[in-house]
Structure formats: C-alpha cells, structure tokens
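Next up: some structures, all given as structure tokens.
Two complexes, one shared chain (chain A), two partners (chain B, chain C).
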Partner chain A sequence: MKDKVIPEDFIFASSGYMPECEGVSPVRGVYSHISGIDLVKGKDGEWYILEDNLRVPSGASYPMIARDLCRRSSPKTFRDNLLEDNRNYAQLLRKTMDYVNVEGHTVILTPGRYNAAYFEHSYLAEKTGAHLVNGNELLVENDMLYYVDYKGKKERVGAVYRRISDEYLDPMHFNPESVIGIPHVFDVYRKGKLALLNAIGNGIADDKEIYYFVPKMVKYYLGEEPVLSNAPTYLPFYETDMAYVLAHFDNLVLKDVAEAGGYGVVFGSSMTKAQKADFIALLKREPRRFIAQEVIDFQDLEIQDNGIVVERKADLRAFVLMADEPYVWKSGLTRFSRNPDSFIVNSSQGGGFKDTWVLSR
Partner chain B sequence: MQIDRTLRFCYRMSLGFSEPVQKHQFALRMIPQSDMRQQIVDCKVVLEPACALKEGVDSFGNRYVYGEIVHPHSAFCVEVRGTARTAGGIAVLCEIPVMSLAPYRFASQYTRAGDALKAYYGQNGQRAGEDDYAFAARLNHQIYQDMVYKQGVTDIHTTAEEAFSDRRGVCQDYAHIMLALCRMADIPSRYVVGMIEGEGYSHAWVEICADQRWYGMDPTNDKMTDGTYIKISHGRDYQDCIVNRGTFRGTGTQTQQVSIVVSEE
Partner chain C sequence: MGIISLEQTNRLYWLGRYSERVYTTIRLYAKCYDDMLDDIGENYADFCRMLEIPNIYRDKEDFNQRYGFDDADPNSILSNLIRAYDNAIVLREEIGSETLSYIQLAIYAINKAKISRAPLLELQNVEDNILAFWGIADDFIESETTRNIIKMGKRIERIDLYARLKIGAKELKSELHRMHTRLLRSGMPYRESCLERLTDAIEHMDEAHVIDYGGIVQSVESLVLI
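And now, the complex of A and B:
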C-alpha cells in the first residue's frame, strides 16, 4: 500500500476489512495456517488459480475418506501405480497447530453437529488428537482460554482451530447475536495468549478485488513471476483496463464484487444489445463495483454416473499448510458438477468429489 | 493545557431483567480517558452486583473494562463517577501516524452514502477556497440547518443515508451524516461518544482531522466542542463505540436506563 501497488481504498473500504485487528499480530506471525487454493485446468493444458480461500477453507477430510475407500475397494490400483501417499494430512495439520500453540491444549471449535461440515470437524479432531469442542465448552478467565471438561475441570487452551467465521467468534467484539462463539476470546488473542487458526481478518486478502493484485504482490515481495497464473482479470477502476473491457466485452465475464456464491455474474456474450448498453452505462458509473475476467474454457473430467463414464466440469482445491514453512499437501479435493451443463461444483448444490492422485515419478 | 472548566460527571447505566440471568459477560466503553483536551483527575467505576474487572484497549485506542457475573441476577448497574478538567475549543494534535488515519477516510457501514447524500454533497460539496477545517465547519452548520432534531423516528440501526432521506434524527444520525459528507470530501473524520454538561443521555459528535489536528464538531448543537464536552470513545461510526456489549444466559427481556449528570464544580 505504501508503494502504491494496491490502492488504499481496496483495503480500507473493503467489506472484509476488520479495524478491530489493527495492531494485532498473530502468534509467530502466521496468518493463513490452512489455505485452500481453487484451481482449474484449461483446455490449453494450463492450470489457473480461480480463488484463494484464506478464511476457513473446508474439504480436506473428503480426499482422506476417498483415498481410504479406494484403497480398500481396489488395493491393487495402489500397488500398481506410483502415487504419493496422502494419509499424512492429520500429521501435517497437527504440526501446523502445534507450531503456533502458545501453551496448553489444542482444540477444534465447531458450531455444532447441525453444521454441514460437522463430519469434517469431528473427523479431523479424531485424526489429529485434538479436542472437538463447542463454544460453550470454552471459557475466558484471567486473560486465558480454558477448556472445561464434563467434570468442570478447567484446562488451558493454547491453540484453536476454529471452524466458525470471524464475525461469530466473539460476541463481545464482533456480531453480538452470536451464541456459538466465546465471549472475550478476542481479548486473549489480542494479548498473544492464544493462537487462532486461521487468523482473524483474513477476509481482506481473499476477496474478488484483491485476487487481481495477488500476482502483483508475488512480484513485489519475491521479485519473481508467479508459477501459477490467475485467470486473466481486469479492474475497470483502471483506465487501461476499462478500455480493454469495453473493447473485448463479448469475451469477458463480469462479476459484481459485493456478491458471492455465483450471484452477480454475467457473461458479455449472453447480453442483448439493450442490456449491454445499460450494463456499460452502469459500469462507467460504478467502475469499482465490477471485475472482468476472460472466459476460460475448462477441461472436463471423466466421472462415473450410474456406471457410465461421462464428462463433467471440475475443480481442484489444493491445501497449503503453514508452520515453519509452507507445505502443499500432495493431494487435494477434486469436486465435479452433477449436471452436464452446470459449472457449480459445491457439495451444497449436489456436486460430487473423487480421489485425487498426485503421481510420484 | 489551558484549563477551561472542572466538571464532575456521573454516568449511570442500569439494566433490568424480567427473569434472573446468569453467566452475564459484559464489556463497557464508558470510561473517559485523559488526552490533550481533557484530564481525568479521578474516576471510579462501581458495579452492582460487584465483580472483578479486566481492562483492554481496542484498535481505536479506546479503553474498555470487561468482566462476568456468574450468579443469577435480575439487575445490573454501572456507575462511572469522576472529575474531568477540560480545555476549551483547542484542537488536539493528531496522536496517530497518518497511515492509521485510513480507517477514518472511507465510508463505514453506517456512513455509506446513497443517492440522497450524494445529491446533497453535489449541492454543498464545492469548496470556495475553503480549507478542510472551514469546509467541515460549514457542513456542520449546514447539517444543523437542514435537519430536524426528533427523537423516536430513528434507532441504533439507522444509517446516515436513511436518516438524511427523512431529514430527521438524533445526535447519532447527525454525526453519521457529518461523517459521510466529510469522508466524501476526503477529510479523515471519526465518530465520538461522550457527555456534555447538563443532565440526560450520552451524546455523539465528530472529530475531523485537518493539518494533523483533530477538531471536535457537533452538528446537533451547531457548534465546535468546548470545555463542556467530555469525550469517552471514538471509532469509525456508532458500532465501534457501543457503550455496553454483553451476553447472558436467561429467557427474560431486558430494559436499559441511562442517566448522565455533568456539572461544573
């Protein structure tokens, strides 16, 4: 920001900006302990980064389960092919949690068993040996966080892998309506007496606008070209980008930065003349509201649908764990869409998943 | 600091619960701090029921106290009583480096301008050779003239845009409107909660930053802050300065009473 690589208002006017975190440094300087990087493979054979998830990326348990089932149902496959073993995720996660643990127990904080990802929370707790807890089993006292067991005994907690979002974490500082958080946990965190995985406030770094700046950040900090490319993205906020967007409107997809979950996404090619004129007027009036991206032709993936091999859209979430140094788990979550015309791979929308192989050769 | 007044203050807030509640956790931002405009000579916090208090300082620099009352109780009362020596309408040197002014330069949840405020800014936003201070002072007066003070038409969730569209509101709304306009003009500005001489509720006004100094402006009363003002906290808008935040276990309903008395010694 100081060197004008990223304009200030992209940070401070962003909905992900949390001023409560100003001046707070997480334990050992780690912000994104567990990152989920969504990738797609284009028809040109290139991999592209679609999204960085730095808040609470989920899904690591699925490839663990998938591999487990595949090994059991077809052991021969795994004897005959040279694959990287992915059964070390729990160890890696444990190492990541231990690295920042200040002193005491490590817990996995879940919103409860009605949460869609509860299976994953309990599975990871079981595999890593961490306690699985609800917010009401944790207690802040004398600026320390304690786990209260069934007998009422209190034991200090040094690291929380929290599977609830920032705004619900502490009703005393964030959303006052939250009943799944821990009152005053932010006070303990602020004083450095607790590690939270991931850090609070990461939303500032993984929104649609900041995505545009990630390659620039890589160049700025490392002086290197990124190994993996972003989908080519334009910010109409910049004049040269605006000119490009207007000249190549039909080849682009436009996304409203305030929207999420597939809403506010329009393809230039699918608009009528009148719609296009209206949209361009809006774009010129509110250039900050949109990003534009080249439409990438993704490679389809073969899946089995009722015993028949068919092709579907798919993406891959890679998991990057950060302890003393970053480590890319040699596996990942491959998700595919259930319907032939759909691009939606989310499990909440009927998407499926399959085992992901990383060949060792 | 040139002392203008010595003020005795008593800020009393009581909560009543229709059914007893327990595990009541609270955080209170109601304790004034010494700065270059005010000196808090003494200050005492009394809680009923009594409990141990912890202290924290938030990212905006506000001091807050927090604690927990575990046992069932159906009333909770806080009294903050003390003496402040205040200076008159002097500007306070900006205590934070310019970089950290950034949160005060951009619209926040309550101060995001919509069509009504943008149109108003279009009419009043041209500067006739005014510097930031003179410009903000003119807005301060303009808002006072164009708004009608009325209680009960807005609440704690009302945004600047909503209140302005209706041209009615209370000090919180006046302050939010002022902040929205100042930030459109790229003048760093912040929301202030405090007390003023007399009897009543807490008050809200704004501070604008010009030439590395904070100036207090009160659009509700059409004036610059002076020795009758005691500041408690500041932030981007209302939500950063919420006086009492809390959670408790219980099924009852909650009522709140606030009374503030500030008088010259």
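And now, the complex of A and C:
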C-alpha cells in the first residue's frame, strides 16, 4: 500500500477488511496455513488461476476418500501407473497445526453436524488425531483457551483449526448473534497465546477485487512475472475497465465480490436484453461491487453420469500448506459440473469430484 | 488426545444404549413376528405392555410395519437405530470411521427390511451389523475410557430392558456385575444410592423371592449423572 501497488481504498473498503485485526500478528507469522488455489486448464493448454481461497478452503478430504475407493475398485490402474500417493494429507495438516501450536491440544472447531462440510471436519479430526469440538466445549479463562472434559478438568488448547467464518468466531468481537463461536477467543489469539488456522482477517487477501492485484504483488515482492496467469480481470471501478466491460459485456463473466461458492456469478451472454440493461444500471451504480473476467473456455474432463461416460467442465483446487516451509500437496480437488452447459463446479450447486492424479516420473 | 467432553460422554453413553436397544428389541420383535404368523393371540399387545410402550397399533400387520420401520413412531426399531446413528455420526474422530460404518450399514439394512416381504431376513443383517459394531469398537477404539462409556451405556440399557421384560435373577446378576465394572472404569459420576438400591434389588431377590422390577428400572435409569 505504501508503495502504491494496491490502492489503499481497495483494502479499507473491502468486505473482508477487519479493523479488529490491525496490529495483530499470528503465531510464527503464518497467516494462511491452508490455502486452496482454484485453477483451470484452458483449451489453449494454459493453466489459469481463478481464485485464491485463504479463509477456510474445504475439500481436501474428498480426494483422500476418492483415492481409497479407486484403489480398491481398480487395483490394476494403480499397479500400471506411477502415481504420487495423496493419502498423506492428514500428516501434512498435522505438521502444519503442530508448527504453530502454542503449548496445548490441537482441536478442529466445527459449527456442527448440519454444516455441509461436517463430514470433512470429522474425517480430518479422525485422521489427524485432533479433537473435533463445538464452540460450547471450549472456554476462555485468564487469557487461555481451554477444553473442558467431562469431569470438569480444563486442558489448554494451543491451536484451533477453525472451520467457521471469521464473523462467527467470537460473539464478543464480531457477530454478537453467533452461537457457534467462542466468547473472547479473539483476545487469546491477539495476545499470541493461541494459533488460529487460518488467521482471522484473511478475507482481505482472497477478496475478488484484490485478486486483480495479485500478479502485481508477485512482481513487487519477487521481482518476477507470476508462473501461473490470472484469468484476465477488469475492475469496473476504473473508468478504462468499465469502458472495456461495457464494450465486451457478452464475452465476460461478472462476479459479485461479496459472494462465494459459485453464487453471484452471471455470464453476460446468458442475459436477456432487459436483464442486461438492469445489470448495467446496477454496475454503474455500484461499480465496486463487481469484477469482470474473460470467460475461459476450460477443458472438459470425462466423467460418468449414471454409468455413461460424458464430458463436463472441471477445475482443480490445489492445496498449499504452510508449516516451517510451504508444501504443495501432490493432489488436489478436481471438481466437475453436473450440467453439460454449466461452468459452475461447486458442490453446493450440484458439482461432483474425481480422483486427482499427480504422475510420479 | 485422551480427553472427552461432557457432550461427547453423553453421546457415547446414548450410542451404547440405543445400539443395545435396537439389538435386543429386534430379537424380541422377531419372536413376536414369528408367533403371529400362527395367529397365536394378539401378541403385539403383550409386547407393548412388556416394554411399557403405548399400543398405538391397529392390528398385527400395523404393528409389524410401524413398530419395526416407522420413523414417525418414536418407539420403533428404526427410530432407535436413527438415534444411535445421530450419536455415532458426531463421534467419528472418537470411535473411527470403520466403527461408525457398521451403524451406517445397519441403517442401510433396516431400510431394505422395511420394503422387504421377508423383513426378518434383512433384520438379521441389522443384528449382524450391530454385532460387528460392538466387535470393531472393542478392537479399534484406542481410548479405554471411550470404550468403557459406550459399554456402560450398553449394560445399563440391557438391565433396563431385562427388568422390563421380567427376565430372571441369573441374567440380571450377570449384567449387573458387568455394568458395575464398566461404571467404575469409565470414571463417570454416578449416584451411589441408586447403585446400592440396584444391587440390593438384584443381589437379594432370591432371598425375598420377589423381584422389584419397577425398582430396578427406576434405579438403573437414575444411576449415571449425565
């Protein structure tokens, strides 16, 4: 910001900006312990980064399950092909959690069994040996976080892999109506007596607007061009970008920066004339609310749909874990669209997933 | 990690109780179902009376279907199995996916039984899966405390059911000893007065020649402080 690479008003106006986090340094300086980077391979053969997920990226358990099932159902495939074993994710995650643990137990905080990702929470807890907890099983006392056992004995907690959003983590500091968080946990965190994975406030870094500036950040910090390209992105907030968006509206996909999970995404080409007029009026009224991207015609992958092999759009979420050094998990979550005409692969919108191979050569 | 919260303790305890309830009531139901094939009276009414559940059934066919497989009937076998599952599903990290999977398989089997013309054949699979669940729980769950809490729930449920069914002194004594061991090993808080009353009712019933089954049910239900 000081060197004007990113205009500061983009930071402060972002919905992900949390003033409470000003001046707070997480344990060992790690902010994004688990990052989920969404990639697609265009028909031109190039890989593009669609978005960075640095808050609570989910989906790592599914490739582990998929690999187990695929190995059982098709052993010959795995005998005949040299593949990296991806079933070490739990060890990597455990190492990541232990690296920042502040002298205590490690727990995974879940909002409960009716959360869409509950299976993953419980599965990762089982596989890492961490304890799966609800917010009401944890207690803050004298600037420490404790887990209370059934005899009333308090055990200190040193690391929380939280699977709930920032705003629900602590009702005393964030959303006061949250009943799934832990009152005063933010006080323990900011005093450095607890590690939270991922850090609070990361929403600012995976904001769809900030995505536009990531290649500039890479160049600024590393002095080199990014190895992987972003999808060409425009900020209608800038006059020149707005002019481009209006001129090429039908070729672009527009995304509401406050939405996630495949929601708030509209394709210019799919709008009626009236919808288009309404949307452009909205865009002019609230230019900061949207980004526009070139539609990348990404490659199809074969999937089985009711026993029939068909082609569907697919993307890849790569997972990067940060302990003493960054580690790229040699696997990832390959998600595909169910609908033959859709680019939306999110499981919340009916998308499926496949085993993901990294060849070992 | 070796520590268990109060909420988990509660869930482990009820997992033990509901899985046992399913197992034992399937066996009773199978006997009742078989008897009614020969039209030996309205056995389902006795069945309800024994278990102290309301007789809401129109006739034996209605009983066979609803007591076995109606999830809207809170006393049905299916409802009890769903409750076992509801507790197990939130204990994955404590009991392990493999242990949990046998409860899931039991659900799968009971849903097949529900639409089968020969439900007892499918219910055998439910029983087998419950037995496999017990077996793998014993073999797979590392924490002794966790195992003890589940098994204590199982034993308490069994004493409760045996007392309701007015099963004899020998079986009740055996179950009491097994439950007592688990109770002490689990470290769970309990009411000493209830244990004393329970022991007195079961251990001394031969001398009195009258078994206070109602007292046994009351004491065993109030024993554990959860």
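Please note the rule applied: the second predicted complex is superposed on the first by the 308 of 361 C-alpha atoms of A that agree within 3 Å, B and C clash if a C-alpha of one lies under 4 Å from a C-alpha of the other, contacts with A are read in each partner's own complex, and residues count from 1 in each chain.
Keep this in mind: a residue touches a chain if its C-beta (ideal position, glycine included) is under 8 Å from a C-beta of that chain, and two chains touch if they have at least 3 such contacts.
It should be emphasised that the depicted structure is a prediction, and the values quoted were computed from it without experimental measurement.
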| item | value |
| --- | --- |
| Fit or clash between chain C and chain B when superposed on chain A | fit |
| First, second, both or neither for A:Tyr147, with chain B first and chain C second | second |
| First, second, both or neither for A:Glu155, with chain B first and chain C second | second |
| Partner chain(s) touched by A:Lys216 [first = chain B, second = chain C, both, neither] | neither |
| Touching partner for A:Arg113 - first (chain B), second (chain C), both, neither | second |
| Which superposed partner A:Lys43 touches (first chain B, second chain C, both, neither) | neither |
| Partner chain(s) touched by A:Arg190 [first = chain B, second = chain C, both, neither] | first |
| Touching partner for A:Leu132 - first (chain B), second (chain C), both, neither | second |
| First, second, both or neither for A:Pro171, with chain B first and chain C second | first |
| Minimum C-alpha spacing, chains overlaid - chain B and chain C, in Å | 16 |
| Contact residues of chain A, present in both the chain B and the chain C interface | none |
| Contact footprint of chain A on chain C as seen in their complex | 1, 3-9, 89-90, 92-93, 96-97, 187-189 |
| Touching residues (chain side chain A, partner chain C) in the complex | 105-106, 108, 112-113, 122-123, 125-126, 129-134, 136-137, 147-151, 153, 155 |
| Interfacial residue positions of chain B with respect to chain A in the complex | 25-27, 54, 56, 58-60, 66, 68, 99-100, 102-103, 105-107, 235-236, 240, 245-247 |
| Interface residues, chain A side, partner chain B - complex | 2, 8-9, 11-13, 17, 19-24, 142-143, 171-173, 176, 179, 183-184, 187, 190 |
